[in-house]
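Two complexes are shown next, each including subunit A; its partner changes from subunit B in the first to subunit C in the second.
Showing the complex of A and B:
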């Protein structure tokens, strides 16, 4: 039995496979790094490293070839390493260093998988004196259909970006929770808007919008923000046709291009005797707590424009844990908070706009400790391994 | 000292269990990440009441009482294809040092505050912020009977700053609670050459009439 298993595992445990996997990883990292010239960091991370396979550009006029993604390489590395231990390595004290090092490597790969799956990063942008009870993910948008008729809350139905961008033309998105069907006529991963009256005649003539904002402005596709353009984010836009029971409710332009400048981007859609507000917005995560920015300070080194320190004095009110406190968040001094029945979140001072607007990054990563443990194991393993070799060498020299 | 005394290397059941469990965690993790997202419903705290936005620009084919904004365009300025960002209209003005860009933008209210905008523009040409609007030299002009301010910002860092020179005319209009921005940016020589044409262009503007006017 053992011999049979060993025979099966032998090719998987091959050192040649290890070398091939390292070579593939190097190619993937190189191409993934170069890809950030044209794509955003997170798009590259998801497409190249957090994927099973991908179509990789080879620099020949848009020619792409299939290639293994980070998950495939990482998974095969784990299989290769464990198979090698099962077939070749012995569990001996002499091998303790190697085993610890390899355990650290496996933990490192698993930690990245768990981070990719469960870690979230959100942003809260606040002006002084303003409050927020939700955070946004600026890497992704959602189409929100809001029913504001209840007196004490809003009923919200959201369609995620993945459904909007992947939808085949002509195939409507329908869901019992949606008050109408949504057909995506045109999706723009990044866009700019321009006044319709001032747009090129060809753009005006082909404007698909028949209602709302789209009759005043037109969206023009833009290249996606790349990883080398710090601070730039994509502003998607879409032309959508709404219908209910075969009745056309108009074609609308939805974009949050205007949101960043404080303009109203919600548009009222009348369905029967009810009015819904539709909006393409950064994906939201509502919180059980409220954060208010009391004061934002932005200090610079005297006589220069170089930032020295920026800090946000905030008030956190969380009725779920009876908490009402004032906290100063500044560089390397994040706020950690755990609402009732929820995982803990960490608020970092991330950036600012002007002198009175702060940007806080809200991070939740259940596996944040794993890289530290993994690297410690690798370091310990290497110390043990090379320490043992040195000990052996010194012993031999003495003899 | 060894944990196992057998010398012949062979597959151990413990290793196989460990291997299977680790691979299972990896595969399940990756597969669970492949789930498609779907439409979600939730109740959210009430958002702000909906207020119809002020018209952003002249609409085409729209039954509206609003008239489009009009101006006299200098002969050598050309429209920029595809527009530019949030601009209602964008043009290029030619120059040997490179073209200058002219944009017309309108935003509701005070567009985030005049001081904040001034400091944003100063930052774009590599100048430090001012602490009060009065600290920023501004020339008074009138645009279609509305008081307006002309700001002329020149970079002290030359071409190393993002923008070498910038002219901005900002027109806060209480009649329709909007702020209009006319902006020219580009190489110092080109902007200097077109400065008078820019001022003439802005002063030729006729704003859309609002019901109160």
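Showing the complex of A and C:
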């Protein structure tokens, strides 16, 4: 290689940088793990690991310092590694193990980046005998405004969460498709609702709601949920003021809590002589296929509350690929399905509610195969490299 | 004098074997009742089929923190206590089994003497009004928000509850499934019908108890009536009936009773100490320039470790057989496995280097990990796995690989500790030893990197198979990746010439902190899917451990010119 280029690359390729990057990664992961105690797990992943940089808290007192994020460290590791191979390493049998290992590592880091960028997760919650043609993203909500007046269908306009939470107070959301303007007075990323009668007097007196559900219950902000799989999710809530052409249509409480409480989730709003239904719900993604839960089975170990196994027998109907079949989804046995002109999706048995309701996790991850390949490469590389080392060493000592 | 090199190892092995045989001999409080046969009867508790002996021992372990019970100053076996509780509840109330340590909880029982630790059910029952008042107060507070007093009180209530469940025949599920479609059920249900406590229309319609329940009832009745002949007849008749109807179950149950008596991990702790003492003795003998004595003691140590390792291996294999899962299923078994693997590696290093260090570390780590395991045991250590974790393929690949990674990183850390302590405080770190220890650390760290990496990624693949997420940044996953990074950091720092053997030693000791964090610290955070066992007292031990490691690291950072081994 050109000497000039080598000279420029040398500092980027140094092992010193490698060690520094490892140390930085360790600090990042350690602090990120501790942060999961108080912050939502997904908030930590996005702030610490899937970011370029962040303000990292140091100890007590709320002091924060800027620190490199996961993308920066991962990116630098790849650059460092490629530069090192370009400058120092030669393709020899002795180096074969190391090269395999490092190639696998690059794939692994890329795989995680691609997953962060392109993987999508949804949930489908289904009662026995019911069908669904959409999945929900439990990490995001949307405000749905439903016009039920057409006889054979509903017209739905949704306001995404990003518009609800980022909107500066006082600046209303308006759109020709919306029957009214929406002004977000207060946004709560996670909330709990209590009956108005049970709330503290100060909360009761300052209740912003003037109509609907908000006159019966009050929403109180909660810290964001932590833990990936513990089944804890955020239940956002918002107080919104609706108006049309300057005429006040009341201040309403909309919250995701309603679905959990099993009460009517949609509130009627009268605009002129027409009635619209509003609802804050998990963001929906409509699918070309329909899933019906035929039977949900759930066994516990005798005399305990420990789940032994659970499984969902479902019927999958997808006209785009002319499929109509019955499948059993259970732990460690997902269903993979690919609708026409779309990426493959995988359905996992993720949880359950009561005895007859299943929760399926639906994942679309185009790079799901990469870790498998990466892991095999790294393991093979390490075995070749260290195995040769040990072989030589034992041979020498034993003689 | 030559003979010493053979005599001492032989004597040490004989001593070890006699220690092992002791508890297998027939017990002393057999009396006229055939409690041995009773102990072997299979029942179901916590979803697992096990002998009554295990239920008795584990219940006592939970309530009393030991496996024997005291009444009127006399120690009795667990099975004797259990049959007394089940068949003679009035007399059994006098057993002093409820261990209470917290002084404020104790004072609720009418200010007993400060040194009394265990209390009888009768005594607790006389103070039930006070306790019930407190129970009502505690129950309004969430578990993780309770004060230490409230936590201890909550534990006491759980223990009382367990005792009552046993006394009233709700636990264990003693009636076996003899017909197809049946399941294990509580004796009380079979005798009083499914609606016990609800006297009414259900009672009259209830079918008479089946043959198994009737036998069990007769056994308890005979014991209650103090009729040993009838008791022995009934219990043997019932046992032979089960032998015919469910031979596999009774075989397993008999084996488990043998396992309980042998107590391989408890005995292993003692033997590892013995081996460590032998090594210390051999070091003293070297100083006293008594070569054959030193050699004899050293060899004896290796033999005792090898024997204990066989025992340790048998214990692990026995758990796999009894439980039907791969060896590591919870924190307890991970401690046992880490110890086992460290001992294996220690013996291998001893075989390679023959400098006594591998053996010394094997004995030391074997001892420490078994002590940790002993303290982690709270009730049955062979619980059933919940659905998401119930997969022997992943338990035997991902979990084993990660645990081997933990074990190897710990071993490297302990070699680092030896290097620093020997170098700073003694003259024992000769250039030869420096070289040997450096090679040992390097090899073990490389091994640790391989297994921690493979184990971590296999975990990701398991997660991808289970719920479609290769990497969830779960605290336990992060802990595992920290170990990988730590080992990779040490190796790259060495390859880059940034550290030499001393630096590797210091970093390897830091690896101990990382591993301890990954193993226990993440559980202390109490978040994530992997947080299967939270313990408060462990937090303090963890801090002590970290402090010791930091102290050793700073000793290692003292300039080499001040190390005794390098002083002129």
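In the analysis below, the second predicted complex is superposed on the first by the 326 of 399 C-alpha atoms of A that agree within 3 Å, B and C clash if a C-alpha of one lies under 4 Å from a C-alpha of the other, contacts with A are read in each partner's own complex, and residues count from 1 in each chain.
Going forward, a residue touches a chain if its C-beta (ideal position, glycine included) is under 8 Å from a C-beta of that chain, and two chains touch if they have at least 3 such contacts.
Just so we're clear, the structure is a prediction, and the values are computed from it rather than from any experiment.
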Residue contacts with subunit A in the superposition, subunit B compared against subunit C: B
First, second, both or neither for A:215, with subunit B first and subunit C second: first
First, second, both or neither for A:355, with subunit B first and subunit C second: first
Subunit B versus subunit C as contact partner of A:328, first or second or both or neither: neither
Subunit B versus subunit C as contact partner of A:310, first or second or both or neither: second
Partner chain(s) touched by A:25 [first = subunit B, second = subunit C, both, neither]: second
Partner chain in contact with A:163 - subunit B first, subunit C second, else both or neither: first
Subunit C-contacting residues of subunit A that also contact subunit B: none
Contact footprint of subunit C on subunit A as seen in their complex: 14-16, 18-19, 22-23, 25-26, 29-30, 32-34, 36-37, 41, 44-45, 49, 108, 111-112, 115, 121, 226-230, 300-304, 306-310, 331-332, 334, 346, 348, 350, 361-363, 365, 368, 371-372, 374-375, 378-379, 382-383, 386, 389-390, 393-394, 397
Footprint of subunit A on subunit C - complex, ascending: 44-48, 171-173, 183-184, 186, 352-353, 383-384, 386-388, 390-391, 394, 439, 443, 446-447, 449-450, 453-454, 457-458, 460-461, 464-475, 478-479, 481-482, 485-486, 488-489, 492-493, 495-496, 498, 514, 517, 522, 525-529
Subunit B residues touching subunit A - in the complex, by the definition given at the top: 1-4, 9-12, 14-16, 18-19, 22-23, 25-27, 29-30, 32-33, 36-47, 49-53, 55-62, 68, 79, 81-90, 104, 107-109, 111-113, 116, 119-120, 128-129
Subunit A to subunit B touching residues, read off their complex: 2, 5-6, 9, 50, 52, 71, 74-75, 78-79, 82-83, 85-94, 106, 109-110, 113-114, 116-117, 133-134, 146, 148, 150, 152-160, 162-163, 173, 175, 177-178, 192-200, 203-204, 207, 213, 215-217, 220, 257-258, 261-264, 266, 268, 277, 284, 286, 305, 354-356
